[in-house]
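The data blocks that follow each hold one structure.
Each of the two complexes below includes subunit A, the first together with subunit B, the second together with subunit C.
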Partner chain A sequence: MNDAPLLSVDDLRTEIRTARGPLRAVDGVSFTVRPGEMFGIVGESGSGKSVLGRTVMGLYTSGPAMTVTGKVVLDGTDVHALDDAGRRRLWRSRVGMVFQDPGTALNPVKRVGRHLTEAMRGLSRAAARDRAEELLRLVGIPEPRRRLRQYPHELSGGMRQRVVIAVALAGEPSLLIADEPTTALDVTVQKQILDLLGRLQAELGTAIILISHDLAVVAGRADRVAVMYAGRLAELAPAGELFDSPRHPYTEALLASVPRLGDPPHSVLRTIDGAPPDMAAPPDGCRFAPRCRHASPACAAPPEFAADGARAVACHHPVDLGGA
Partner chain B sequence: MARDLVKRLIELALVLVIVSMGTFALVDLMPSDPAVVVLGEGHTAAEYAAQRHSMGLDDALPVRYGHWVGDALTGDLGKSFIPPNSDVGGRVAAALPVSAELAVLALLMALVVAIPLAMWSAYRAGGVVDRAVGAVTFGVLSVPSFLAGMLFIALFAQRLGWFPRLEWSRIGDGLGGNLYHAFLPALTIALMEAATFTRVLRGDLITTLQEDFILSAKAKGMTPLHVLFHDALRPSSLSLVTLMGISLGRLIGSTVIVEYLFALPGMGTLIIGAADQGDVPMVQGAVLVIALIYVLVNAVIDLSYGRLDPRIRRAHV
Partner chain C sequence: MAGTGTTHLRSGDRVLSVEDLVVEFPAGRGRRVHAVSGISFDLLDGETLGILGESGCGKSSAGRAVMQLPPPTAGSVRLHGTELTGLAPAALREHRKDMQMILQNPVAALNPRRRVADLVAEGPAVRGGRPDRARIEAALEAVGLDPATVWDRRPHELSGGQCQRVCIARALMLDPRVLILDEPVSSLDVSVQAQILNLLEDTGKRLGLSMVFIAHDLAVVKNVSDRIMVMYLGKVCEVIPSAALAGSALHPYTRLLLASVPEAPQGGAEPGAAELPSPLDPPSGCRFRTRCPLATDLCAKEEPKLRRTADGHHVACHHASR
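And then the complex of A and B:
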């Protein structure tokens, strides 16, 4: 694996214009993703993960509804400097997106085959169908030829999500952004879909950004994990190090709230006290301060996202290495 | 599917029975006395009684209804009361194509205008075009169609001389001439329909455009036009199609004012004239045919929902 990043995100900000005034859903986020890497992004609901994913992909750009600043470079291309046609070319061939709810991500009036073939260029009808069939086989759908003629509602949730993944893979992208790909699925199916993503990453060498509100989804699969809180990155670290020795108090609290296998049955689920801030009017200084048990007067100033080797953390009083 | 169809046909038959009863009873309530209409002024009481008897007016309402429907089922809608006592069926057959053509043409015109306008408005909701279209459609909806018709005649027919007025040319005499004559009246009718269609479709499109599958279509690099026509239009068209069904049936009978303005020999003219003269069989026959078309069109619309949305197809079986 070479070290030149496939994707680099630099001080990205997405400010959405809402009825209640501007809302900084993404507020100064920087990270890189290496070719073929599985990169996890974890954070509570509303922390800006979806907006981040969509802005990285260029689906959200500056316009009447929002303002985007900062830089996203994918494979040497500045995503937000492209014109509309250039961005469509990028989406057709370099980056794909897997959505949260496969029940709504497929058009109910279009057959599976059409979803797969309509973005293919320069292929005859028969060749496009063969390619679509191959894609369905790739994502582990049995009887692919028959599935091509079915409508989304005729498939189970898991099968639908496989179709969504196949659609995202159609252009042989070097990056796949999977935004909560298993949240809407049954527990048994969740693991199958995550295993599939892992297999695709290994077999095709596709880099994957795996977004989830659930640390357990990312654990054991991601190479590196970024923890997001209220529009900003709190911490970024290789997955193993993050789980073994969280440095940000928020990461620490998140880890403590994940039920462990060793917990006695029916033990009370630990959650983080307090609620995430109102994104339309976030607190000055560290946004986690109201919920942080390490908070001090210094935290009234926003902490810097400071890199230290392979890790980075945004906290004035990071948790000691080796555990608190 | 077959059972579904049988169920539909039974429903349809029931609706038709109710509609025909309504038509028959309604006209029976007309203030004029059919026997008087036929006899004219100056008749004796005996003549009057004999006439009533020969017309079957002595029979109870259900009996008369039975005779009428029985004849109608064999295609006989009776004869006009008014000399030359022409065949109702024949008169309706002559007037119907005019109204049907106007209605269909008007709907097509309305769609051609409404679909792109609604798409543009919805795609850039709240933008300049959206607000302009909103204002114009609102304005159009508040203009009665006779005013629009008079305006069109004054401008396009009289001042500019682009279109004829007070003439009709049948399709049989050449499509070009026919369309040329039908254009202005159809446009007059289309105006209000286009405004309604635009508003309804715009609203549904805005809802559809928020759906994940629209974003996922964009995310695989489809152009905005492709997304609008291939992804958004069909799921957004259920209300529009319903509305079209209602409009088509309604327009065939209610283009009266426009037919009158342009002196067109359509169903509106036929019914108004007949009602005015107390020509009961003519009114009954014409109204029955319109009701029949209305019911059939809407049955077809009902079936088309399954084509528009495959999820509905399954729900029916």
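And then the complex of A and C:
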């Protein structure tokens, strides 16, 4: 794998203006994604993971509703320095997005074919249709020619999500941002969509940012995983290491709170006391400290996101490797 | 799958017994949605039965039909030996009090204009006696809420997890013997999900409740249940002790579900992009045959009946064998 990053995010902050004052949804996040990498971002609701995805994409940018500071550089292009036309060019050809709810991501009055061809430039009508058919075949839709003529409501949820992925792939992007792509789908369909994303990553070499609240979804697929809590990264590590030996107490607690098929029935689950902080007035210092078993007076100062080889953790008292 | 069949029903002290439950909805032009097509199950005192299946399998329709919301198209639902179907409304209200339901979206399940204390008091209040303050406080404390903090709050001032606790407190105010839980944790974050699952487990044990836990998440269902009933397109595929789910499941559909869990290895049993057949016109014979790797002509002709393969383990499949 090439070490030059495809995407680098540096000290990104997204501040949303609300009636109660500014809400720092993303508050100083830095990471890089390598070409062809599957990069997972996990976090609970309100952790800022979706805002992060949209800010990286350039869908959220400084304006009346919010302020974005920090840098997002995709393949040499500073996403937040682009004008509107530049961003549209970027979305057409360099980065695609897959949304959570395939039911609302597609326009109900446009046929499948139209969704695929509208962003294509410089192709004849017939060539665009052939290309659209090829895209549907690529995402595993049977009878693609017939599907092109159908409307979104004629497709099942899984098929719609395949169409959304095909639309995102139409410009042959080098980066695909998938925000909870399987949350609205049944388990058997979820598996198909995740396998599809894995196949696209392998066959096309597309880098994918997979955002999910479900640790298991990310566990088996991502190369590296970032855990987000209250607008900041708590921990970043290669997927296997993160799940085998979490270093941030939040990651550890989150993993222990998920029921597992291998555990006997009626096992008591670990819980995390308290609730995530109010993002309009987050605590100083470590944001997880009020809920943390290991918290000490040192946690009143914000922990540095300290890198150690391939891993990084933002904690004054990281869990020891190889045992908690 | 299919199955009909009642070999898995037990004799003895059953709190709830459901036989040949059928739920159909009119779909216009004389067509009918076959949501639940003849399922049977029973519940012993203090037992938790998990009902597992994907969307459209009829698990929620089954749960609601047991509650008589609305009453099933056909079949029998007996609670403590009293047949609920066909009871007059007043008698139904009296008997149904022993059975309470918890729904998936706890925020939508609560009246947004009412305060927590009133919401919790509502059950006894409509039955003619508003409970005293101490009883409401005890109910809130039992579900891990601080009465002083939440007393005057309205649902929008609470988190999803807190709303689900209020729903549980509300249900328990009527001293039910049976809880029907329809996806009670699927709209919650994982850390909150763990809190609610632990709360249900503790409460169930403390009060000796029997529960029907309906959900699509295999690990969650396995964690809370003693037995699991797997449903597909309105029928029962398999009834299995939950400890045996991961290792001994026999029905091809149960196995497909197990292979689809994200932590399962990639690839594996891939039933293609096969889609769920329409419940308007379900396949003949075994309803799973259109997606089944084991399907033969027999499966189209004859519906498999549940048969016993081990103690407490029943499978509705012509071909599955251990």
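The rule we apply is simple: the second predicted complex is superposed on the first by the 318 of 324 C-alpha atoms of A that agree within 3 Å, B and C clash if a C-alpha of one lies under 4 Å from a C-alpha of the other, contacts with A are read in each partner's own complex, and residues count from 1 in each chain.
Everything below uses one rule, namely that a contact is a pair of C-beta atoms (placed from the backbone, for glycine too) under 8 Å apart; a residue touches a chain by one contact, two chains touch by 3 or more.
Because the structure is predicted, anything quoted here is derived from the model rather than measured.
Residue contacts after overlaying the shared chain place A:Ala170 against subunit B, while subunit C stays out of touching range.
By the touch criterion stated above, A:Leu194 is placed in contact with subunit C alone, subunit B being left untouched.
By the document's definition of touching, of the two partners only subunit B reaches A:Met97; subunit C does not. Which of subunit B and subunit C touches more residues of subunit A: that partner is C. By the touch criterion defined above, A:Ala275 lies against subunit C but remains apart from subunit B after alignment on the C-alpha atoms of chain A. When the shared chain is aligned, subunit B comes close enough to touch A:Leu59, but subunit C does not.
Using the contact criterion defined above for the overlaid structures, shared-chain residue A:Glu44 touches subunit C, although it does not reach subunit B.
In the superposition on chain A, A:Gly122 makes contact with neither subunit B nor subunit C.
Comparing which residues of subunit A touch subunit B with which touch subunit C, the overlap is empty.
In the complex of the two chains, the subunit C residues touching subunit A come out as 54-55, 159, 161, 189-191, 193-195, 197-198, 201, 216-220, 222-226, 242-243, 245-246, 256-267, 270-271, 273, 275-276.
Of all residues in subunit A, those touching subunit B in their complex are 54, 57, 59, 64, 88-93, 96-97, 99-101, 104-110, 118-119, 151, 153, 164, 167-168, 170-171.
By the touch rule above, subunit A contacts subunit C in their complex via residues 44-45, 140-142, 156, 158-159, 186-188, 190-192, 194-195, 198, 213-217, 219-221, 253-254, 257-272, 275. Looking at the complex, you find that subunit B touches subunit A at residues 126-127, 211-213, 215-223, 226, 230-231, 234-235, 308-311, 314.
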